[in-house]
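Each of the next two complexes has chain A plus one more chain, namely chain B in the first and chain C in the second.
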Partner chain A sequence: MVWNRKIAFINLSTGKVSQKLVSKTMRTLYLGGRGLNMHMLYTLLKPKTDPLGHENVLFVGAGLLGGIPCLGSGRCDIAAKSPLTGAVGDSNIGGFFAPELRFAGFDHLAITGKADKPVYLLIKNGEVEIKDASHLWGEDTFETQTVIKRDEDDQNIKSLVIGVAGENLVRFANVRTGMKNSAGRTGMGCVMGSKNLKAIAARGTVPLDFAYPDELLEYCKQMNNMITSTRWAKAQSRWGTMIIYSNTNTTGLIRTRNFQLNRLEEGEDLEPENIDRYSIGTSGCYGCAVHCRHRYVLREGPYAPLYGEGPEYTSLGAFGTMVDCKKMETILVANHLVNKYGVDTLETGGLIAWAMELYEKGILNDKMTDGLKLQWGDEEAVYEMIRKIAYRDGFGNTLADGFRGAIAKIGNGSEYYAIQIKGMSNLHSDERPTPSFALGIATSTRGADHLRSRPAIDLYGLPEDLLKEIYGGSVATDYNSYDGKSRMVWWQELLYAITDSIGTCKFQTVFCAVHAPKWKEFSKLIQLATGMKLSKAQLMDIGERIYTVERLFNLREGFSRKDDSLPERYFKEPTPIGLPAARNKKIDRKKFNKMLDEYYELHGWDNNGIPTMETLKKLHLDKEPSNLT
Partner chain B sequence: MTAHIKIQLFAMFKEIAGRKEIVQDIHPETTLGDVLNGLAKKYSKDFKETIDEKTRQVDISTLVMLNGRNIRDTDVKLKDNDLIIITIPVGGG
Partner chain C sequence: MQKILAIDPEKCTGCRLCETACSIHNEKTCAPERARIHVTKWENEGIYIPMVCQQCDIPICETVCPMHAVKRDTDTQAVIIDEKLCVGCRLCVQFCPFGAIGVNDKTKTITKCDLCGGEPVCVKFCQPEALQYIDTITLNQRKRRAAAKKFSEYLKKMLITI
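And now, the complex of A and B:
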């Protein structure tokens, strides 16, 4: 059966590989993908494991529905203890790797130890081989994939790879596959680098043995037809996630010049339509009918010729609004550079924007930046900083350690200006007018992040009865309000935990649009694909279990309620510009704390954010190694 | 002086109308519904779906913001210098 597939345990120090089937019990408790990865992360890692040490384990997991022909089922979850934050490390990547891993006979990999020289894994039809990668060390993320295909004489191989940033142990190095896809957050590429693991290549022909293949195919067709007929899917496929920019920037929901403004003035060139000047079409991930990524070519200018894919809304912020660069071309070049070197676009942009504000305020000077003038809007400075970070060159070495490391080195009040939570940079959204978004970045188990819980539909002013129907309780329509927003965040956390565990794309659930697939559709797909019957209530319990395991992991590592907060600037500095609903807004500390209390209660955690024994029992977590003392 | 409002169009609305911004004169009784109906008449296509025929409110497949705040009530009266954004509700990141 499709649920009954294998985990490979690979020790790179000894070269030993063992295999185990995933049990049905584990599937009903955690599904697959992120869920199973989180279970293994919590149970297999000892407390206080060094993230760059031999004992850290890198988990790679396909979702339970990986390989079905709808909902973008090519998502792969990569996890380990994060070298950036010391908390849960977890990042999700699209493309084609996860289905190929399943075709190669495996759903999960658990990689431990450290190879004594660069290696890559070749996973093929039930076998795992550790191969020499000395010739790949130093190659960028594109070339590495090309060479592996050539060496293995197989153009259909799909690889997860790192670039020079991962080799150089940049703490927010990412893992990449294809031209576009990145597991960007929490430094999973750094963990691969620390293990001398340059790539994981998969290829196989083991069939996916679905429970009801004909009905499944029919239902997937229905899903695809439904999705492609919607306006939101049409917009995503026409402009990608950049579509959000026009509205959020006009309203004043985008942080600019790090955190000094909340709108990019004269930012018209970043309007999504301007990608048309460079786009040669769009592409998609496995099993996706939306195709939200642009394939672009720069034919002129100092960086031409250049081919890239994307960019996402996050890159528009990282190398546009946050650093005050106003040209689409800058975004395209910077997007290409971070992808080539293999660093997280969002962390890189967040750190450079912070450094620019420190430079402006005199906390950094030319001597500290190797003479580089970190001035707003200077794209050449941005490109050079990206390179310096990837190679840990000079001042780049300081930023390559992420906010925690850089603050420790720079000191001098620099921490106040850092827009980070739990050591991880926030994206370029300004959450001061939107308490729901603010709570979500504060509580996210992997540090400041929109993909753990963002209730994007809070911006749509939906009728209260519809919100009640979705969220199962009262939620205020007004996005400035604090009422019911803890419920939104909690609910979205559970939904996204399930999405990441079945391995489908978040853009095709209640992130983009209110009527996008959710519990009912997921439940039916799981039943048709695996034969497992899981109701909405059971799926919500699984989501709760996954989120609670992540919470337990973080508590064990020393995180607590104090870490579920926002940078001080959110409480102290009101938004200076924007339309009336977004102007002069800051987060009210008292109301924020009340939201946090409510949020803990919804999860069944106490006032300090510690899961109660009752909750642990309900989730069958009371026998897991809590190691809380 | 005549009162006027500004309308900003994004996504398919911008494409259909072939422009991003429209400045429109209003009188004291002009409502949001009047403006949306006027646009539907002029540009047809997706503009015709901005109002839910049953509830007479802004349809949930459209995002209309008045001065940065989402709005469903089409009976609301408009004032001088109001900014209306018409786009589609879509998230992502």
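And now, the complex of A and C:
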């Protein structure tokens, strides 16, 4: 039963481990996964904690519904104070780790302190063991997992690992599991590296009981049918998230050459069907009927033979459009490299694209880049930069500190060209024609990010009555419009907070599909799995509570309304090309600010983005430790 | 027509829905270890092969069972174990070449795939149809057609050229 799953508190400095059950009250307030992680992050960390210090805590959390046979229930949430942004650090990872952690008897891990030598954690049927990882230090993310399985003589072990980038404290190093899955954002791999923690391995056979197993099984089947019947899931099953490229590149919603263009001309080779040249089939995370990633093989060329999984739409932009590389093969190689070294694909591509624009503008020169010519479309320069970043070699060392560190070092007006918010790079999407997307990346608690709120269905031009039915208020059909878009972002933020807390996949709720499972279905799944009865309104309150806790954390760290903004270029430079709906568009500052006001109001925060006392009381947050006065 | 639980590893995406659904259906709990079907993986090469009882014509489990507890279901032709006769010696577990017979870690009873009485739950959950409950004639027909497809395309091209 979910009720007998524990939290393990692990101190790597002292080697002490203690265990505690998750109380029912905490479950009803935060569910699990991201929700509980955020609660613990806010309550256990002191303000102004050094993200790389021993006092930062790394939280690993399986979702409340982790393990059920539907909706990709293998998601795991990893959190800490971010060494990249100084704000909420939080990243979600698929694969098979979270269910295995649950089968090992745990739902959450809270890892503090710092080991004096490289270690890994072995979590097995209720026991936590800290083991020597000296022989794993320096290994890539694939080999590390292979060696752990071999050492423990168990092929069913699932591990969260870091690569050399995490060891070298690259501020956007990720945490990985399997061949493909990465908790990419906010530098959680860097936090692991700072603790000398190379891996967390889990294996267990403790059954997970449900309140109503037969009914749950039947309902899960319905859920799988519900999601796989949507067009979006069908396209995903076939091509993965790369399918988005076909639409967005045609329209002109993809930033190209960093932020100079909004469409990749002659970008046909990046069309998703070209993955068929390399694909041997698709692959799914735990409990997923959609299976959105390709298993690809490069059989020819200097990097062959190479087996990899993915690539995501994100990598298509990171190593394709943003750096002006136009070959599918480049994406596959670069995707493999970032996975091997363990760095965030998006942040890496964003930084390289920025450096290329600086090089073009003369802000960077050969002397500063160790002689590397950072020219658009040069894939070898991209591969070399990925390696340099992961090893903090030469100019790579500058970029390895993320936008904030690199801007401080490079100066000379470089900040203007950086497409980042709160110190984190934005996706390769161009949000100038879509105010809803623009507001979402501005308000995201973890820095520029699409996965906190993206209402991708905004692009569908859905009828207003349907939008009203979904969002509970008036929302304009036109994606160029600012009307009602604050409501859209707010609603999606709450929904994704719940998705991340029950541990299911965002692509299997209202992301790109209208008729995907949402509040009602989540409510029923929770009831059948755990017996807890939570209405839609209660779930929305939980989502609000989680988002507000994240907000409180950021406010405590010194973030405020001024940080909920966009890079200046969004307001100043109109989009140069694309279809009429995407061409000659920029964000109107006045309208954007109005949207932000409305957005704060929907959350119950004041004009400065500070939660009102009334809101805090309503969410039972008024007694939480807060330095807000 | 006799149906079999046919496996197509090329279609398997490795999601383990079959294991999870099997364990919930048969054991009323989520414990893949107790499932009758298991996806065996070579993760670094992207190879996934679901392994389950093949319902052999000459079941080794039946041959080695000293209690004659291994029988065949007359409807589904599934090899089943009569719990009343089983003494838990686990000879079947040791001798099954597919690792398809398990022991419930709690009740210590022997578990194996019984084709869910003719409606295998794993098949219902397998979206990519890597698992099919299908008669051998249809299965072979489909396989022949898939294999011959390339040849047919070649012939079509030849005919048009001529």
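Just a few scattered comments:
Rule of thumb we're sticking to: the second predicted complex is superposed on the first by the 626 of 629 C-alpha atoms of A that agree within 3 Å, B and C clash if a C-alpha of one lies under 4 Å from a C-alpha of the other, contacts with A are read in each partner's own complex, and residues count from 1 in each chain.
Methods note: a residue touches a chain if its C-beta (ideal position, glycine included) is under 8 Å from a C-beta of that chain, and two chains touch if they have at least 3 such contacts.
Since we're looking at a predicted model, the values are computed, not measured.
Superposition of the two structures on chain A leaves chain B and chain C fitting side by side, clash-free.
With both structures placed on the common chain, the touch criterion links A:451 to chain B but leaves chain C unconnected.
By the touch criterion stated above, A:210 is placed in contact with chain C alone, chain B being left untouched. In the superposition on chain A, A:582 makes contact with chain B only, not with chain C. In the superposed model, A:9 makes contact with neither chain B nor chain C. Of the two partner chains placed around the shared chain by superposition, neither chain B nor chain C is touched by A:59. In the superposition on chain A, A:243 makes contact with chain B only, while chain C stays out of contact range. In the superposed model, the angle subtended at the C-alpha centre of chain A by the C-alpha centres of chain B and chain C comes to 80 degrees, rounded to the nearest 10. Smallest inter-chain Cα distance, chain B versus chain C, after superposition on the shared chain: 16 Å.
Residues 230-232, 234-236, 238-239, 241, 243-244, 246-247, 250-252, 273, 292, 312-314, 427, 450-451, 454, 456-457, 459-463, 466, 477-480, 507, 511-514, 578-583 of chain A are the ones that touch chain B when the two sit in their complex.
Across the complex, chain B meets chain A through its residues 8, 10-12, 14-15, 46, 57, 60-61, 63, 65, 67-72, 83, 85, 87-93.
Partner chain C is touched in their complex by these residues of chain A: 67-70, 96, 103, 142, 145-146, 155, 178-179, 205-210, 213-214, 216-217, 220-221, 224, 228, 237, 280-291, 295, 307, 309. Residues 10-11, 13-17, 20-21, 23-25, 27-34, 41, 43-46, 48, 105-106, 121, 124-125, 127-128 of chain C touch chain A in their complex.
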